[in-house]
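Both complexes shown next keep chain A, but they swap its partner, so chain B is in the first and chain C is in the second.
This part shows the complex of A and B:
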């Protein structure tokens, strides 16, 4: 069944917009914005704000309606399927099924100097009320921090005989993260150790499908909690252990 | 609202005494060492610029060639070389790069002449910095001075020309300070790139030419607005004093310039960083630059509610180092941040306590208050409100440099409209609440007073512990930001040299002698713009 945006009435199709056009404000600026939105296919366009934010730029807040809809059931994708688990059941699963600690090494690789993502997932304290991986008694988690060359990350993972590698990429300007992420997979493949590890990437511009495309086992986007990552790692490592 | 919190004065004295002892201990280490970037900055202060045919800066070429001589300082052998060859500093450096000239140990009979000439050159170098500072004073007096708190925003396109467009738009919307964020990892380059740049990752290269281009853009828009617009960059990383030199020469007005940030957050060797921060701060002091310290970062790794006091202790340490590097209080923008989890009940009450505490501990200092980042949601509407509470806390507690939060924090570099909306948010709150603080008092024994005094107590105790074990050990135990660093580890350790008894660098004395004093003074904004009614 098709659904449309819901403003205040079912199927009214209302969407709100804010954008800037590189034009000087003038008496016709509101019409420029309105016609632009009509060109995108919206109707009943209302310009709520139209203001010069600079001599050469005009800012808009606007509303428009769409007749288009979408069928949620028709949306298919490569979504990460992880069974929801809590902190205790994750630890219990590892203890019972793996029989040893699950070893994981994490880093923000290459030029990325931002530890905020990897810290949120790995550090003791965690994020949003969720403990980080370091807190899990059944995990041996090492956070290498930022700007770790791929080769160093791999060396550490091999030395510790890690089950999993976590990679964070925060800086995405000019798609630098894609270069870095590809570099790591190529290194692992060149060394013939790709299959030894569960490899996971996280970052603001990462999703599972994209991560898979790059050769990772899973990808986590914004607002991911340590719990979600821990549950995936435990289930995946145990699965592989049982298969082996 | 001075003494609004009825702070325990004995604790303040204990904290400051401990910080003084900590800084004195490290100052001994500083006075016994030099670094490659300190020596390169010395050459830059002589006016040397440019790169060789493979883009290595000439100052790096010269210092590399003189590596064996560094324990005595680069100045004596370099000036001796100038005298022997009959060349200017720039020509001599070019000669070294071309392989035509070589540095050598200076024999006894030539020392006096080389040293005398070096002292003259140091005075000339410092005079160039003074001229730039005077020019700032003149421009502020002519153009107009912003009303505090300064509205501070960031541009970060990677392209200096695009940055200039965004910076001008931000200034027109009301920004008083523009910081050009550096490209990621520049802090770990052991040289300063050269020339204008149009490509960067997450920011724009800090180069002297980029500084000059942005300075010119801000001077233009400042004249248009009748308000001097300040320029900020980062004297941090492996080239702290060199970037300070460039900023002093190109009239930057602010520099991120922390004594410990590089150690904690960039894993730069601590023995090096303490030495580097000293010369960089002496230069900033001379140039009339306001430094910003980076304590806000602690609260992105450690929890802001539990570890808020570490910001206070670090502010005391940064203050002690800054005063030892000749900075005046008006130049010392100590940092702190609004990072307590917004989901915590009474979050803003605690933020007010922490912000007011820092305000009262450092009167006369232009505190740098940093916006929420850690808990900013993807819901930009909600984020905008959290930023509004940050702005409210800032104006209510008398912060002077407000780095504005952006509704799209952590989503992408700010859009033109994000900056406009943030500035509008801040201007509204600042004007709407301008005199609120002078109208209210904090309840004696209330939550705010108790929280502030408790944080002060913890800070004083932490500082006393650091004094006992030493700052190197404290950093290796992760006492700041929950990050542990090995005193011998980290990047750039190979560039640290124990100095010889005859170490010679006349800039250290020259930078202190006859320094200009005081902040620039100007008329209120807009006063000098003539003929136009009401601006845009």
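This part shows the complex of A and C:
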């Protein structure tokens, strides 16, 4: 079923805009803003606010109506569809089906000095009302922190006989995160150990389809909660355990 | 985005593609890995050109993700993929769903990717298909075998970003290297990186004698072996040499090693530590499985060789051609200038093609200009 934006009434298609154009405010400015929105395909455009915020810039608040709609059921997203589980059922699944603790090693690799992502997922305190992986009694989770060379992450994962490796990449210049992420996979392949681990990547510039392109088993983007990652790890490690 | 669209939707030049295909066909390769030195190097354009112009039953798969409308990373339009009817395609269920491509599925493989199971089907419908094959190299090798079992005469493996793993002789038996304007910030960078990468990919094979010496140890899965002049062969007590550059260098000195075999990866950290500890002018030959285990910048391999250390491989790669794509942001290079420069940097080691602008440089011949009647640019 098609849905349209809800403004004042259902399906009226009305959207509120706020934007800035690099033009000096003048009597003409309102028409410039209006015609710009009409070019984008909106009609019944109303300029509610049009003000100079600088001698060279004009800020707008406007309303416009669209005839376009979208069928949410037809949208294929770039996120991983993980079967929802709660904290207790994840622990129970690991205990029952794996029969030992699930071992996870995580790090922000190479030049990335930002732990915010890996901490949100792994730290015991957790994030977004979820406990992090360290809190799970059935997980043996080690967060190595930031700026961990790929080689060190690999060695640690081998020493601990880890089931899964979590990699975080937050900050990137000239897309250096891509080099780091493919480097880790090439290293694991060259060492002949790629298949020993479930390898997950997360970060603000990551989605699940991109994780496929990079050679990872799953990718998590912004707004991911520890629960989603924990559910995926438990399900995937158990699946591999049962198929082996 | 419009700049990307015009660069990526370019039509291939038929005569040049034929010339490239002749080289691939003459090589006897049945699984061709097209690898790129960078994203947007032109891998998929080469794969598309071969499929569209050559009378062959192709199999098609990708180690990455290709044929989607726009690139996740750069937002640039990517070349769409419309395989000729009959082409055997290995992609994922998720990619089929996303591209809404109708395909008779012949087989569902057990490999699970972030985009669902890998499926093999026969292209029939018009339209564009997103191609994303298996995730790991072992799965990729098995997928190629299944494509061949379904009748593919020539399997094309589109690479992933800048990964070179699919070029390993354990996976494919021929390699085309896609280089382009996006490889470096300046033309000089592009040429240097391309030449250094070729040096790395074309590392020489070990002698038959060394191979015979190594054979029994390889069968036992050796990770690091030292050979010395007294005929002693000593396995180093290491699971992996990764992170052990200092230890290995000291062992090499202690054992008076002349040939060192490394069974896994060679990393930047290892090379840095190893060469720092090893005395200057120490002669040593290092043998690795194949060039894809060198997980370090090609320039570092060059420095390693310049230090007088020899680097050899058990399984050499068959690099059949280099392709030149003048595209870059914000402005593409002038095709002729770019091609001539790249062909000059590659020299006569490997043929170079620009399949879109119709240029070719074949070894043994001077750089050919106006070789083909349809030449443009």
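The definition used in the following text is that the second predicted complex is superposed on the first by the 237 of 244 C-alpha atoms of A that agree within 3 Å, B and C clash if a C-alpha of one lies under 4 Å from a C-alpha of the other, contacts with A are read in each partner's own complex, and residues count from 1 in each chain.
The criterion applied here is as follows: a contact is a pair of C-beta atoms (placed from the backbone, for glycine too) under 8 Å apart; a residue touches a chain by one contact, two chains touch by 3 or more.
Since the model is a prediction, treat every value here as computed from it, not as a measurement.
Once chain A of one complex is fitted onto chain A of the other, the partner contacts of A:20 are limited to chain B, with no touch recorded for chain C. Of the two partner chains, chain B is the only one touched by A:173; chain C is not. Contacts of A:182 after superposition: chain C is touched, whereas chain B is not reached.
In the superposed model, A:194 makes contact with chain C only, not with chain B.
After overlaying the two complexes on the shared chain, residue contacts for A:12 are found with neither chain B nor chain C. By the touch criterion defined above, A:223 reaches chain B but does not reach chain C. Which of chain B and chain C touches more residues of chain A: that partner is C. In the superposition on chain A, contact is made by A:145 with chain B only, not with chain C. Of the two partner chains placed by superposition, only chain B is touched by A:125; chain C is not. Within chain A, not a single residue is touched by chain B in the first complex and by chain C in the second.
Taken in their complex, chain C has these residues touching chain A: 39, 63-65, 68, 72-73, 92, 94, 97-98, 110, 112-115, 132, 135-138, 160-165, 239-240, 242-243, 264-267, 269-270, 292-295. The part of chain B that touches chain A in the complex is made up of residues 158, 168-169, 172-173, 184-185, 187-188, 199-202, 265-267, 300-303, 373-374, 378, 410-411, 413, 415-417, 420, 482-483, 536. By the touch rule above, chain A contacts chain B in their complex via residues 18-20, 52-55, 57, 59, 111-116, 119, 123, 125, 145, 147, 171, 173-174, 176, 204, 222-223. Within the complex formed with chain C, the chain A residues making contact are 76, 78, 80, 149-152, 154-155, 158, 175, 178-179, 182-183, 185-187, 189-192, 194-195, 205, 207-219, 239, 243.
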